[in-house]
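Next come two complexes, and both contain chain A; in the first it sits with chain B, in the second with chain C.
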Partner chain A sequence: MDSIPILKIGSALLVTIQVDMHDQLATRLQDDLTEKIVQHRARGVLIDISALEIVDSFIGRMLANIANVSRLLDADTVVVGMRPEVAITLVELGLGLPGVKTALNAERGLALIGGVSAAGEAADDADDD
Partner chain B sequence: MPTTTDTLPITSGDDVVRVRQKVRVRATEIGLSLVDQTKLITAASELARNTLDYGKGGHADIETVLGDRRGVRVIFRDRGPGIPDIPQALTDGFTSGNGLGHGLGGARRLVDDFDIQSIVGAGTTVTIARWKR
Partner chain C sequence: MLCAGVMPLVVGGGILAVSDKKNLVSLFAEGESDILANWVSTLNLGEIRMTRQEAESQGRAVLDALAKAVAHGNSSDMRGGEFADVRDVLQAFSRSRALQGFSPTETATFILSLKRSLFEQVRKTTRPEDAFDLLSIVSELIDRLGMFTIETYQKTREELIARQGKEIEELSTPVVKLWEGIVALPLIGTLDSGRTQVVMQNLLETIVQTGAEIAILDITGVPMVDTLTAQHLLKTVSAARLMGADCIISGIRPQIAQTIVQLGVDLNVVSKATLADALALALRRTGRVVTKVKAPSSGASQEQPAETRG
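For the complex of A and B:
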């Protein structure tokens, strides 16, 4: 089964969602992220959704779940790169994504995550399984 | 004046993805704006998932409407348990499963036309349309 790569940047994890998420992939991502937050003592999780053409409540719930679990593990979650038309639609859908911070791009997202000073550090691929 | 209809089954998560893709093709062809396309596809995604999760599967009819009004119409049909209380189901936050409860009400807000017919024990049909402006 395929999975979504998780990169480590300083004390943050970066996930770029590129595909039309299906159920198993969403569940797998939540599990993998939880594991890696603990493994790397990550302080933040950046989720890049700039490739997503829509965010429905299925994806919305996944993002909220990730944010909830991250918070319990003492990591912040920042969703980056949401397209304007997606933002407009989410508002009308009535999903405010509580607990999820947003940023325009990964750089700003990293700045939002407290204690991340190594944003310029080379990203090393933490997904080597 | 509806043109050819695409009928797609909804029996898996992958089918939900296919419905979204087909709706996007139709919406792009007819020239809906990017925001309108996104709203329609998001509504379709919510309804397709309801068909799968609550309606025990069903299908979607996707059609382009030409004429005075041009747009895309999608009809979701299932022969599931039906919805006993439609106003309650449309209320934001109501879910009988473990969803967020924004799918039905949200879909209604995202489209121009919204119609829901449901008979307990017989099934549910939801029709949505978004028109080019």
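For the complex of A and C:
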């Protein structure tokens, strides 16, 4: 079964969704991501959905779930690159994704998380002392 | 008999009898000035809101065209080429009346009251045995002229409405770039679900194009806000948020603020009273401050936001 790669950059995790999401893939991503957050002690998760053209309520809920799980594990989630049509669809579905941070593109998303991860590293350094 | 829909002036099951046609032609040719004088005098000018001069010149134009049409008109069809002049005159009359805001009655009464004057003329000039046939022809002719006038009137009004509708549509959803990274959406008119869709699409497209981080929704021009409108606003706000742009709502008038609270709507969005306040906040959020330049006499005397990004 194929899966979506999860890259580690500093203390953040980068997920780029390049294929059409089907439900199994979404569940798998959720599981993998949770594992990786714990494994890498990640402080931020960046999900790039600029290639995602179709969303349904399941994918929408998956995004909200990932955000909630990450928050429990003390990591911020940023969803970046959402297309206008996707945004309108999600809103019409009643999924405003409260609690999920958003940014226009990956660059701004990284800047959002960058602050978090730098602060995290500083905290980590302080712990090490 | 007459066919519905088309406008042939055919009476008695076919082409006019030769004697009737001759009578009709001579009716107009010989009595034109009498008919006109009679026509104008029977008009209730106050009721149809025309001056005597207007009525006279307009009436003469109609009668001239009619006389010519009847004289040349082999076919008695109002859509035929012989009646082109009549149609033009009536069309111009009806169009201008419609555009100036006169009512259909005020417009059509002018044409329809020609009938009485013509009847009078028929009574005076025609032998009783021919009068009935001629009357029915004249009556029918005037009815058709009246119908044509009303039709033109209505067409003009419909064109007007269609044009205004289009203009409103075009005017209603502009997205303005106020500053680098800041766009504003001045909403004007009622926000129904159809318009919300257009507004939302416009806004999101602009966010993608300009890379704006902050969108200001200005609702100064929204006449009333009910629960549905508030819901539409919130939808737009959350769609923009999903694209990574923050929204500020501005231009909430005092009554509207009260209405929103009384309705129990929780807007839950940053809101400012005026667009100026919203812009100031947006500038501050993007790390800019608006300061007054000290010496107003120098060349650049306007307020310039200092470009100090944080």
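The criterion applied here is as follows: the second predicted complex is superposed on the first by the 113 of 129 C-alpha atoms of A that agree within 3 Å, B and C clash if a C-alpha of one lies under 4 Å from a C-alpha of the other, contacts with A are read in each partner's own complex, and residues count from 1 in each chain.
Methods note: contacts are C-beta pairs under 8 Å (C-beta built on N, C-alpha and C of every residue); 3 or more make two chains touch, one makes a residue touch a chain.
These numbers were taken from a predicted model, which means no experiment stands behind them.
Undergrad: Do chain B and chain C fit side by side on chain A in the superposed arrangement, or is it a clash?
TA: Here chain B and chain C can both sit on chain A without a clash.
Undergrad: Applying the touch criterion given at the start, work out whether A:104 contacts chain B, chain C, both or neither, answering first, second, both or neither.
TA: second
Undergrad: For A:2, using the defined touch cut-off, is the partner it touches chain B, chain C, both, or neither? Pick first, second, both or neither.
TA: neither
Undergrad: For A:61, select first, second, both or neither according to whether it touches chain B, chain C, the two together, or no partner.
TA: The answer is first: A:61 touches chain B but not chain C.
Undergrad: Quick check on the superposed pair: does A:93 touch chain B, chain C, both, or neither? Answer first, second, both or neither.
TA: Touch status of A:93: first partner only.
Undergrad: Measuring by CA atoms in the overlay, how small does the chain B-chain C distance get, in Å?
TA: 7
Undergrad: What residues on chain A does chain C touch that chain B touches too?
TA: Shared contact residues on chain A: 83, 86, 88, 92.
Undergrad: Could you please specify the touching residues of chain C with respect to chain A in the complex?
TA: By the definition above, chain C touches chain A via 197, 200-201, 204-205, 207-208, 211, 213, 235, 238-245.
Undergrad: Would you pull the chain A residues touching chain C in the complex into a rising list?
TA: Residue list for chain A touching chain C: 79-80, 82-84, 86-88, 90-92, 96-97, 102-105, 108-109.
Undergrad: Name, in rising order, each residue of chain A that touches chain B in their complex.
TA: Chain A reaches chain B through residues 20, 22-24, 53-58, 60-61, 83, 85-86, 88-89, 92-95.
Undergrad: What does chain B use to touch chain A in their complex?
TA: 13-14, 16-17, 20-21, 24, 34-35, 37-39, 41-42, 45-46, 49, 92, 99-100, 102-103, 105-106, 109-110
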